[in-house]
Amino acid sequence: MAERVEERIEDRIERLMADYAECIDEGRLEEWPAFFAEKCLYRIITREGYRNKWPAGIMTCEGRGMISDRILSLRRANIFEAQIYRHLTSCMRIKSEEQGGWRVHTNFAVIRTMRTGEMIVFVAGFYDDLVIEQDGKLLYRERSAVLDSERIDTLLAIPV
Amino acid sequence: MAERVEERIEDRIERLMADYAECIDEGRLEEWPAFFAEKCLYRIITREGYRNKWPAGIMTCEGRGMISDRILSLRRANIFEAQIYRHLTSCMRIKSEEQGGWRVHTNFAVIRTMRTGEMIVFVAGFYDDLVIEQDGKLLYRERSAVLDSERIDTLLAIPV
Amino acid sequence: MAERVEERIEDRIERLMADYAECIDEGRLEEWPAFFAEKCLYRIITREGYRNKWPAGIMTCEGRGMISDRILSLRRANIFEAQIYRHLTSCMRIKSEEQGGWRVHTNFAVIRTMRTGEMIVFVAGFYDDLVIEQDGKLLYRERSAVLDSERIDTLLAIPV
């Protein structure tokens, strides 16, 4: 009888990332905050801001409550109805274990399809994540989406 | 002496997907039907058609025979000679076990390069697959390529 | 007590590829030669050149020394300052074991972001790699970046 092999942490983090991407790509934004720890940091930041440790990013949310508020505003503004996101991720690498979690970097690109049919590579960059485990579940304590481009589309309203 | 670890089903499905993509990207379309079970469903469908369970898609093949026929027509029409596909896949997640197989969703994008040099993100979306095992081999019993765009390029002749 | 599972070679090769991509994407080109064996072949070649076994590619480096020289020239020319690369890889498949190593094919696309903000899918294709192990470390003995496009941007100066 084959026993179930203990799962690698890399595989569990890959799955967390896939579920996160699906949540956004399917527009189930109300479920988005559940990927974060209560005490957390989510931000979208340019490469330059990241490197120079600028305090403010393109979007910054501290704590799960602020993340939930962000979704409420988005729903009210109705912006995301006109566009569909598709996440592509690759090259995941665990950089270190720290603060009782895992520091992980992963390349990403998001392809945006407008209702009009227009399809573009909307943003590209990498995630700088701190993943922790709480009650047997992986959560983001920090997620920084570091963008390669310094020029940001004004439609960047949906979380990446 | 190290014993070979039992392979995770996720890894085996990843490999099936990689071989499938290679087959199309290298233009070996005659080998494409062998990725499917005898009794199968292959279709390309828009996000809206998928959500609303429309019976007809952009392309629908029921059974491996119909898939083979499709290839014959393509070869006769000579369409695929002018373009090269490159599959990018990511965010694979097993959604459930059902019908003795695995329901799997995976993000994808296909980059198309024309002989003229033009290169675009041709389609993006996700695969909704039902993977089964027959005689120790994984096969697609169902593969739906769900496209993010509602507007389809008329050149969409090659399977995705 | 859970014992650490022996790592799959597929996972180790994925990690090699992720570290390689990160090195280039972060512009740490001086570290790039360290991914190769002393005796090695690195080249960028078109699909047609690859298939017809043309001796010359778009870029060809034989040996780690030539790879290091290449970086020196690039630094002198200052070309890479104006652009940022982002690698996306997927569909890795080990094709065979040969020459005491692993023959591996992997799809890739590189998204290029210019300082001006312009963002395009710069190149797409697949890697044909021969990965070997030396002193417990994986290295490229051969890496051919096979491009789908026959028309190459003159800015293709950074290694892929």
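So that you can tell them apart, the chains are marked A, B and C in the order they are listed, and the count of residues begins at 1 in each.
FYI, a residue touches a chain if its C-beta (ideal position, glycine included) is under 8 Å from a C-beta of that chain, and two chains touch if they have at least 3 such contacts.
These numbers were taken from a predicted model, which means no experiment stands behind them.
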Interface sides of chain A and chain B: same vs different residues, half threshold: different
Turn needed to bring chain B onto chain C - CA fit, degrees, nearest 5: 120
Euclidean distance of C-alpha centroids - chain A vs chain B, Å: 27
Touching two or more other chains - residues of chain A: 5, 88, 90, 121
Sites on chain C touched by chain B in the complex: 5-6, 8, 10, 47, 88, 90-93, 105, 107, 109, 121, 124-126, 148-151
Complex contact set, residues of chain B against chain C: 2, 5, 11, 15, 17-19, 21-22, 25, 84, 86-90, 111, 113, 115-117, 119-121
